[in-house]
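As written, the chains take the letters A, B, C, D, E and F, and residue 1 is the first residue of each chain.
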Amino acid sequence: MFFDDFSSFLAMGGHGLYVWLSYSLAAVIVAINFISPVLTRKKIIKDIERQLRREQK
Amino acid sequence: MSLQNLHNPDTTSSTTGPNATGNGPWLSARGLFCERDERVLFSELNFDFLPGDIVRIAGPNGAGKSSLMRILLGLSAGFEGELFWHGKPMVQQVYDFRSQLLYLGHQVGVKGNLTPEENLAWFSPAATQDDIYGALKKVGLSGYEDLLTHGLSAGQQRRVALARLFLEDKPVWILDEPFTAIDKEGVSELEQVVINHAQAGGLVILTTHHDLRVPVKTLMLGGQESEMPLC
Amino acid sequence: MSLQNLHNPDTTSSTTGPNATGNGPWLSARGLFCERDERVLFSELNFDFLPGDIVRIAGPNGAGKSSLMRILLGLSAGFEGELFWHGKPMVQQVYDFRSQLLYLGHQVGVKGNLTPEENLAWFSPAATQDDIYGALKKVGLSGYEDLLTHGLSAGQQRRVALARLFLEDKPVWILDEPFTAIDKEGVSELEQVVINHAQAGGLVILTTHHDLRVPVKTLMLGGQESEMPLC
Amino acid sequence: MWTRLKRLYHKMGSPKWFYEITTRWSKWFMAVGSILMLTGVVWGLAFAPADYLQGNSFRIIYIHVPASLLSQSAYIMMAVAGLVGLVWNMKMSFVVGKVIAPIGASLAILSLLTGAIWGKPTWGTWWVWDARLTSMLILLFLYFGVIAIYNAIENDEMANKAAAVLSIVGSINIPVIKYSVEWWNTLHQSATITLTKKPTMAPEMFIPLMLTILGFYCWFAVWVFARTRNEILFKERKTNWVKKLLQNGHKKTTGAQL
Amino acid sequence: MLMALLKRDLLLAFRSRGDLLNPLMFFMMVASLFPLAVSPDPQFLGTIAAGVIWVGALLATLLSLDLMFKSDYEDGSLEQMLLMPQPAMLMVLVKVLVHWLVAGLPLAFIAPLLGLMLGLPNGGFMPLVLSLLLATPILSLLGAIGAGLTVGLRKGGMLMPLLILPLYIPVLIFASSSVQAGVQGSDYLGHMAFLGAYLALTLVVAPVAAAAALRISLAR
Amino acid sequence: MLMALLKRDLLLAFRSRGDLLNPLMFFMMVASLFPLAVSPDPQFLGTIAAGVIWVGALLATLLSLDLMFKSDYEDGSLEQMLLMPQPAMLMVLVKVLVHWLVAGLPLAFIAPLLGLMLGLPNGGFMPLVLSLLLATPILSLLGAIGAGLTVGLRKGGMLMPLLILPLYIPVLIFASSSVQAGVQGSDYLGHMAFLGAYLALTLVVAPVAAAAALRISLAR
């Protein structure tokens, strides 16, 4: 461990804002890339099922 | 509006106009004259269109049918003569005239990027979804209500516009070649619609190169000499 | 071109194709299939068009007539099946096919900002001015040769394009609703032109919603079930 | 050899095969990528020593560099996919190209944002017109162009082909753009601050960087596969295999798809 | 009817989502062409930033004006609108509103970002955004006149800039110098007052003029 | 057939003479917006003149690209051209040639005038004209790709800049810095060589890509 304690880890020697901002932006963009296909998939499956039901009628 | 009127401001139009009482003609013209590229399309054209009329403006290609229609509509200013709506000069009555008018031209005003339903929704804001679906059904477009219109065939796109005939309650119809791109069955249905509208007391003015199986008054345009004014 | 072909590269098309000798059919199709928006327009369509044929592609609005024509022309890639020109696969023959082809679509390619004469001059660079004036006369446009085309009426503009039928010596005509906006007299003259072309050994493929007074083969498109393949 | 290649080609053209194989591969990429990222990030954030010039702000490198590299390679992959699609008329290839575009753009944005944030403490400004920065911005514009084509053309097949043409032309131009921007920057030479020269990095800084780069590539694969499978599902919704797939328990597949 | 028109036009705008973003993109691109063409020196860029951003905004609006009536003209909808039983002026106002929402307003939001990239000094940001908010409606309003006049022309695309750029020039001068005033720390209220007055003026004149222009364009 | 096409297109261009002048006018307007937006100081303007003129040229070309295929698409002529018994590539080359003659070449002639107006130092004029002569064909060629891709779209107007501005950037950089080199009295042969090489590259790539783009756009 490079840092002495947790608060200095957070502070990053005064650069905490920049580092954590970067990492959280990265987290957001990574999360979007993971989540958006899941949501699309759910929507597609719902659409297909609705269509199947319509066809069975 | 026309040059002639402006130059003789004292010929008050009500004296020369057709009778202005309730049961008179709806749309009348006196002394219409139009030339394009120094070719006279029609001159001294007089007519009175009554409720219940089906008027066909006829003539070969280039006779001036579309030009006449645009003049009646007030979309074209290149003419002389006078127009009357319910016996009063058209200039004073435009909004009243327009509120009673349904016009379909060579271009029908259907947006490719909207669905048929959305297209009709803006043409007739008062209509409910049921009305619209009903009208689309009548023109043979059930099942196409929410596809984008530019995916439809030539004839289907025109049918979207024709659905307005069922949706809007306008007494005056002006239709420039409404049968373009419509298949045979569609044409005969449409003829029936036109007849019904006239029998219900509406006025229909149309052009078409098809044979019509409908009793009509014909306004023949045929170059300089062969006008057969109708009134 | 179609997926199917690529996936079975070893089914050499010449074995399944129509006969490839001189007197065989000009334009043939095997197993054409086309769907749009998940609606099958036609499937398993087979035909052989011979010189001297007048073929009418018929069907109600939205049946797929224009789509079929664009496929034949190679303007649309959304289909499966094989096309043959003089018995050889079309892909190898496009330029030969095109050099023998005259096509008029819904839009006819007439420039409003050129005169009728100039329009025709670029379509058929080989034609002399006399040829062009002659052709324009045949479509009833003498006197309009050097007015800008956008000043002409709807029907006159289409007549400019129709003048190409008299001007270019192409054996294969593909005409999508050639009678649109043409007046009655014009239509019957045009019918005669089509007959003459076929009798002289040409091939005419057309669509129209008019009644034709011409003996034709009909290729009916009418949704999934009612194909009447013609060969 | 040749026939095996051909068979592989046919398989790859088949959506069903692609769907099934990527379902399996995804799990592995996900697992490996997550392990790499986790180690890389924890190492980089908490254990690697601070840079003697830039202090702790250099830790942004573990995001910034992978994002930068990946967004560049993604564009090339997109163009290659488009080329394969056009030349061999392979629909799956078009689909892959299509799904890369938004992912690549998101990574380009990430690179720009983290770079800008990094620039503030190091250079004292959010943005300078440095060569690398400028060419990254242009790359983002190229991505936007491709995405705009997909948005503008409704017909799928047409959109795929048009975007393929554009991305191919764009990738031919990428070296030209890069070269010209770099050349321009050295010529003008008025930007006083330049991107730090590649530091001869200490291994304990360098290894985590390698880990996150590899981790990002693995995740990228997962994202591409996931989106591709969605496209396949939608395109093939009429086929029996999709219907069957959905009937025997899509719930399971939804949950376990990543 | 006007509400229906508004709804329809917004629907159309959102349907072709790309179009929403394109003026913005263009704006950003023009702004980033300048450092490449002139000099990347941040100090130097800061001095031209206000001008560049405003020229970019002007051009972006200009290019998007085509959207206002063109497609409605081509498919005949415009004819139908002129035949509505209301003054055409109201229809024009709706069109202008939609154009502003789609092509003008977003510029005000993205401009600060460009300011950052071009090294605009701190005092300039506030007047930049304010002037954009006040002046983009003017651009849309005046643009409607140009769009109305050129709509019937087969190749009117390039004519428009010629017609309306001269009208845009007062806006450009006052807006960009308001930003410069802000940069120098002086007061820019006077500039804003002028822009406000010009907005009021165009709000009265432009719809009438544009409606007349449309009628002329359609009565070929 | 190609000669006939060339003749026709030139005829069309001269028939609508306005269109011939429009890109030029636009070019001049963009250049004259800058003094208004930035600063009228001639010394200062001289330093940005090269960049401003080249950005103006870029935008003027961009705007005129719409003319290349649009009207032919709308009236069906383009369909007819793709059905000619020749590779569509040749047709594209003719179209590009006409576009260059009409919209590119005149820029090179008018540019010195703008240089004068913006106070471009003497050394800059030669490389300005040379770079315009060499580089405007590149703009037309690359532009053909964008025009081909967007021709079928109902509202492609704003899409085009997005697609091809990034591709124009190398041209902008080399051309504008050649002028700056000229101003500083240094050698600009290297820049010209680069532009020549890029021209050769685009001459090979663009017609093929544009022809493909057109086929795609028409196969709705």
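Here is the rule we go by: contacts are C-beta pairs under 8 Å (C-beta built on N, C-alpha and C of every residue); 3 or more make two chains touch, one makes a residue touch a chain.
Predicted model, so just to flag it, every value in this text is computed and none were measured.
K.L.:
By that same contact rule, can you tell me which chains touch chain A and chain E alike?
P.N.:
D
K.L.:
Is the C-beta contact count larger for B-E or for A-D?
P.N.:
A-D
K.L.:
Taking all residue numbers used at the chain E/chain F interface, answer same if over half belong to both copies and different if under half do.
P.N.:
Same: most residue numbers at the chain E-chain F interface appear in both copies.
K.L.:
What chain is the most remote from chain A, judged by the mean position of CA atoms in each chain?
P.N.:
Most distant chain from chain A: B.
K.L.:
How many angstrom lie between the CA centroids of chain D and chain F, rounded to a whole number?
P.N.:
Spacing between the chain centres: roughly 32 Å.
K.L.:
Averaged over CA atoms, how far is the centre of chain B from the centre of chain D? Could you give it in whole Å?
P.N.:
From the centre of chain B to the centre of chain D is 58 Å.
K.L.:
Need the CA-centroid distance for the pair chain E / chain F, whole Å please.
P.N.:
About 24 Å, centre to centre.
K.L.:
Where in chain D do residues touch two or more other chains at once?
P.N.:
In chain D, 141, 144, 148, 152, 181, 184, 188 touch at least two other chains.
K.L.:
Quick one: which residues in chain F touch 2 or more of the other chains?
P.N.:
16, 71, 154-155, 159, 162, 165-166, 169, 173, 219-220
K.L.:
By the touch rule stated above, which residues of chain C touch at least two different other chains?
P.N.:
77-78, 106, 112-113
K.L.:
Which residues, counting only chain D, touch chain A once they are in their complex?
P.N.:
41, 45-50, 55-57, 59-60, 63-64, 67, 103, 106-107, 109-110, 113-114, 117-118, 120-121, 219, 222-223, 226-227, 229-230, 233-234, 237, 242-243, 246, 250, 254, 257-258
K.L.:
Sort out for me which residues of chain C touch chain D in the complex.
P.N.:
For chain C paired with chain D, touching residues are 1, 3, 6-7, 38, 77-78.
K.L.:
In the complex, go through chain C and note every residue touching chain F.
P.N.:
So the residues of chain C touching chain F come out as 70, 73-78, 95-96, 98-99, 101, 103, 105-114, 118, 121-123, 125.
K.L.:
Which bits of chain E are touching chain F when the two form their complex?
P.N.:
16, 18-19, 22-23, 25-26, 29-30, 33-34, 36-39, 47-48, 50-52, 54-55, 58-59, 63-64, 66-67, 71, 154-155, 157-159, 161-162, 165, 169, 172-173, 176
K.L.:
Please give the residue numbers of chain E that touch chain B in the complex, ascending.
P.N.:
Of all residues in chain E, those touching chain B are 1, 3-5, 7-8, 11-12, 15-16, 71-72, 74-80, 82-86, 218-220.
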